[in-house]
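In the two complexes that follow, chain A is the common piece, with chain B as its partner first and chain C second.
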Partner chain A sequence: MIGTETKTQTIQETKAPPGLLRRMLAQRQGKIGVVLAGVVVLVAFLGPVLMTLITGYTSTEFVGRPFQHDGVFGTDNLGRDILSRFLDGGLQLVIYAALATLLGMALGAAAGMLAAYQGGWLDGIIMRGNDVLLAIPQLVFALLAITVLGPQGWVLVVVIGITHAPRIARVARSATLAVITEDYVAAAQMYAVPRWKILLREVLPNITGPLMVELGLRMTYSIGAIASLSFLGLGLQPPTADWGLMINENRIALIIQPWGVVLPVLAIAVLTVGTNLITDSLARASAHLNVKDTK
Partner chain B sequence: MSELTESDPRPDTAAGAGAKMFGSPGTVALRADGLKITSTAGKEILHGVSFNLVAGKIRGLVGESGSGKTTAGLACMGHFRAGLLNTGGSVALYRDGEVLEVLSLNDAGQRKLRGGSISYVPQDPSLSLNPAMRVGEQIMEVLRIHRPEDSERDRRGRITEVLAEVGLRNDKAYQRRYPHQLSGGQQQRIGIAMAFACRPAVMILDEPTTGLDVTTQAMVLKTIGELTRRHAVASLYITHDLAVVAELADDVTVMLRGDVVEDGPAKQVLYSPQHAYTRRLIRAVPDLAGRHRIGEVNAVTGAHPIVTAAGPIVDAAHPIVDAAGTGPGAPQGPASGSEPVSGTRAGERAGRHALPVPHDAAPATDNLLNATGIRLNYGPAQVLDGVDLHLGVGESLMLLGESGSGKTTLARCLAGLNDRYQGNVSLSGTQLQPGARQRSITERQRIQYVFQSPFSSLNPRRTIGESVAVPLQMAGQDSGRQQRAKVLEVLDQVKLGAGYIDRRPGELSGGERQRAAIARALVNAPSVLVCDEVTSALDVSVQAAIIDLLRTLQVETGMAMLFVTHNIALARHISQRMAVLQKGRIVDVGPTDDVLDHPQSDYTRELITNVPTL
Partner chain C sequence: MMRLIGRRLLISILILFLVSILVFVATLLLPGDPARAILGQQATPERLAALREQMGLTDPVWLRYLHWFGGLFVGDLGTSTSAGAPVTEVIGARIGNSLVLMVIAAVIAVPVGLVVGTYSALRRGKATDHVFTGISLVLAALPEFVVGIILITLFSTTVFAILPSVTMAAPGHPVWEVPSQLVLPILTLVLVVTPYMVRMMRATMIEVLDSGWVEMARLKGVPERQVIMRHAVPHALGTVAQVIAMQLAWLAGGIVVVEFLFRYPGVGAAMVDAVTNRDVQVVQALSLLIAGVYVVVNLLADVVGIVTNPKLRREESR
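== the complex of A and B ==
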């Protein structure tokens, strides 16, 4: 009879704690992050559609002489409208960064979970392979791959994704190690649930906290890496408008016409700061159920 | 609480009678008055808790998990866990004739108090001792902080002294040991020695014996009792175990959801309880003698018949259960003459529900589950050393063992969770493969395993319905809708309503989770249910309800049950037969009453004498 009493009570009392995203948004940091990153992503997505409406020029159209103060933000090194190029230059950066991050997440999470779950020699091989990949500097590896395969979009995504994978694999592995000792994994094994299903259904949902944090962090790095590669001329090729490329093209006239550099730099900075803030608040949200208390 | 204050001696008399000693027996050493504690989220945890601790006496603070007993204990030292705020009440410490208001002291003052005048013994010694520090050093650390004026030689002397006081060896070599070189009981006594090193006026003991075996527990309890009385310490013993309180405490305070519901001398509270909650709590405590029953269903004991024929539900769903009883046994004759085999068979065909079978002489061929010569070692450690065990149809067998006896390992071997054993496990005559993955679907379905901790055995990210449906999905015979119908049916069987199907484990209490875990094991209508310490993570009243449920289910479904536990007091409430496992060997086996009344091994005898009783 005690059992039934407590039962009815908990039905009334317990309310599911707010979800991870809601807990993230409950923090001021999280809100600022979402606004910052959201604005830049919005510019990147709507820019290509709106640029001719706003400036009257496309991003590759020559409108005058180089580095003049025509229009809102002037012209760039080849006399194209800077605002048009800025509006057009973010989309590919954001998409490539997102794809590279997702690829890295998929590869890294799969490798890390497999290594932790199987253990033994497979764990050794995967993690030592990881160490080898980690030993190669990210940008040098990307340079090498792009010189060999050419500066195409998919190469950028794959290369950056692969360089992210080992770091994500480490996080996934340690998170998985904590989960596989739980009895529900043993229960699934007892019912002979296929191993891939155990990883997908029992393990993966329980390590999303650390993985989400890693996702945000890797997104920041992806944006930085793709912008750097573009700056070095190994990313998107001219005459395509691209933020990284714009910085490189216009840096020679930084004093006469700073907007060509300042606008893309600002956008990249705001985007990375925004994703970083989101990551931080996600980390806090996944660690505490009651984030308001810890503030 | 008015009666309390009346009966208390005035604190002033403590100073007069005891001169400089704070610890004259019979005087109040600490008085907690109207303690109120609120969480930062605004929920009140303690609603005005009052009690006093008397020098030389032990007060038991009893309550279920979540009653706030540990919070109240820690508040005596002015400590509040993160997220808790003190919103009212006072804690007064009477020492050397002065009154110290613990809660109004600053941090430095409280730090000086803790470990010096008020000390704390935490629950798990293996977590509270620093594994990288020699035990002598750990005691020394306390003395260095609280007795800065003493010489090193005095401190060394005190360590030797205090080790003897807690009943440990006190030579240099022993002091140089690391915690991992000591047993659990010795570790806990080191913890007590640390708490006692500065001769505190008050000791707060927070479930110090929960993780220990009964024999070790008995020794630790004896140490605590002696220390308290000989040195006139006022002790607060926090526990959920009423039997321990009955053995040890002079006074008892019962807490329920942040309130003191009953308070008084131990004899009065335990043997003529006034409050309904105390009465309910005491009724839920299993006793070794089996004088009263816990829960509402009659105990499954030797006096009660073994269920041999399955009820109609099981018959329809799984004719295997029937086949298990009759199939393999039929061609071979009974090995023992005392077995009325033909009568049993006839009864089964007639569809009778329960038949008495003399369990002591059950022939091996008639057993549902048979394990012979199970051995398992991890390196040089022999965990199981040739275990033979058999389980009849519809029978309930208790496997009793202390921590490290290998009982969980054995249960896991039977269920196919551990495939590294040597030996033979057979189910109704067919030999089973070691690992669950190698066993056939029917074999897997027929042996089901319920895990110890319901907090770990259910995936927090999946709903109860999804978790319970896993065995059905793996059987692959039912459509999604049929699966859901079966899940609902089994949830109803374990007395969780249909409302639980789409809820997550996080929303459920421990008892409800364990019911869900049992539902998952039942959904395929097993013929053997292996319950591994299923109640050890639960409160006594919840334990009673779960035991109740298991007995009901056994009678309803006619399955056999292997009940693995360390709690010998449950024996007469759940089992017809019991086996005692010690260091990987079965030292005693037989009908429950025989084993308890005439134990064959010294080990079992020792267990029975050391079990605390109410």
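== the complex of A and C ==
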């Protein structure tokens, strides 16, 4: 699933135009995205702290009968306070998604850069390995891993990270191929700079544009994948408060008590739309290096 | 061109073979003893040993792999531990159900995606273009179960109660006997798959419409309608075909969540059940099946890419 424009962009910064983030924020779309995602992340991080102050209950405390209208948003399928569970349910999702994305970026960028720089048989092995991993849909791969290792936090992070890696590696590889012919790489090679230093100091800083776009895209998918797995009952396990899990637990009572579903759905939707808007404006920002183009 | 396609076919077969090894090895890592899982904690050592012998667990790994892999070709996928029946029996009827969902979703999504994308490109910068671009950007971001839940809230529970949100299929009756229960699952899949096609078609059409030869066609007086239908769209299709195929391949995995959400009796829901019950044989079979569909659709995409690329077409005549 590749959505945004992933044309290979050659980075040719001449007189240090404003940074990528500044250019992203200069667009209206980027601003909206940052606000949307920021609000949800803020709720996710402050929620667990504020939960007992606002509602007086923790997320796993039983406060009454199921699906009642006590409190602000009522109670869930086991009679727990919906607002408490909502406030407590985002932190793990956001952290796991971020960790999975970072793991995928680290693995993918390293593999892609190495494949492009080294070429030859190593390139062949890495890219064919990629093809094999890409032949299994992300979610099916995750389900396979969960069958074997059980639904645990680290399994989610590792498996989502690994499924992102080949997709990121492709982008990193093609971006690196455009960079390694540059003179400064040849200069570094002449000074016998170690390979890892060339990749880190010369190549990596010059492919941040496409990588940042990929980071945003993968973050959107990570959130979706982890929330989906929790929704399937195969991610975070009860009694943990989690948005994906909440939707699964409360959807049977959508007619009499919609809040238990509506709140987490809204949060996930706003978060992923926010990250997607950021990604889209990042793609524009790295495509048009000219500041005048960003409206 | 045929050599390219043949090469691509060989690679696909090799990939599927490697995937089958990956799937098999993954299940080897499972903790616990399948024989004990079937017989329970009270089983006597003799019976355990006998069942292990019968299941071939005492054989070396490569032999077990060959046995399993060979079984794939003769329709023997092993026995489901939770159902106690052959895997083929458990999933057989469900394959058709899932195919119905995927094929109808694809048949609706592709033309809609192409038409909306083209229209958006033609009205570039106007209000309708902004609306379509905005909607596709939002829809593209939403996970499939979020789209599904929103549809259920809108059309079957809270707002309007006009469509069923749960698939009810009496055993022995095909799901399409009650067409209304197919609407929401298909609509969910369409809404998830279409946005990328729209965006890709729009971007490609804009590029094509700005090209020199479209300008040339316009300048020599070709009617605008013909410029678009005969010159621009076919050119854009080759590029967009890849994205379309990727999205259709995504359907193979996407049905998992959507079928679970609507309790649709298909392969995806069976997969979730099997993972929940740790029913290894079924998970193995379904992973490979879904990966197979995925690889085949991707192969078709590449073939379309090769066939529509004029540069490669010419190679044949050389």
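As a convention for this text, the second predicted complex is superposed on the first by the 274 of 295 C-alpha atoms of A that agree within 3 Å, B and C clash if a C-alpha of one lies under 4 Å from a C-alpha of the other, contacts with A are read in each partner's own complex, and residues count from 1 in each chain.
Everything that follows uses one rule, which is that contacts are C-beta pairs under 8 Å (C-beta built on N, C-alpha and C of every residue); 3 or more make two chains touch, one makes a residue touch a chain.
Note that this is a predicted model, so its numbers are computed, not measured.
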(message) By the touch definition at the top of the document, which applies to A:Ala110: first (chain B), second (chain C), both, or neither?
(response) neither
(request) Quick one: classify A:Arg201 as touching chain B (first), chain C (second), both or neither. (result) first
(request) Applying the touch criterion given at the start, work out whether A:Ile247 contacts chain B, chain C, both or neither, answering first, second, both or neither. (result) second
(message) After superposing on the shared chain, does chain C or chain B touch more chain A residues?
(response) C
(message) According to the stated criteria, A:Val158 is in contact with first (chain B), second (chain C), both, or neither; which is it?
(response) neither
(message) Going by the contact rule set out at the top, does A:Leu217 touch chain B (first), chain C (second), both, or neither?
(response) neither
(request) In the overlay, answer first, second, both or neither for which of chain B and chain C A:Asp183 touches. (result) first
(request) Answer with first, second, both or neither: which of chain B and chain C does A:Tyr191 touch in the superposed model? (result) first
(request) List the residues of chain A that touch chain B in one complex and chain C in the other. (result) 1-3
(request) Name, in rising order, each residue of chain C that touches chain A in their complex. (result) 11, 15-16, 18-19, 22-23, 26-27, 29-30, 137-138, 140-146, 149-150, 152-153, 157-158, 195-196, 199, 203, 243, 246-247, 249-250, 252-254, 256-257, 260-261, 271-272, 274-276, 278, 280, 283, 286-287, 290-291, 294-295, 298
(message) Going by the contact rule set out above, which residues of chain B touch chain A in the complex?
(response) 40-41, 83, 280, 284, 296, 415-417, 436-437, 439, 441, 444, 449, 451-453, 456-462, 467, 470-471, 474, 495-496, 499, 504, 506-509, 511-512, 520, 541-542, 544-545
(message) So in the complex, the part of chain A that touches chain C is made up of which residues?
(response) 1-3, 5, 131-132, 135-140, 143-149, 220, 223-225, 227-228, 231-234, 244, 247, 251, 254-255, 258, 261-262, 265, 268-269, 272-273, 275-277, 280
(message) Going by the contact rule set out above, which residues of chain A touch chain B in the complex?
(response) 1-4, 6-7, 10-11, 14, 16-17, 182-184, 186-193, 201-202, 205-206, 290, 293
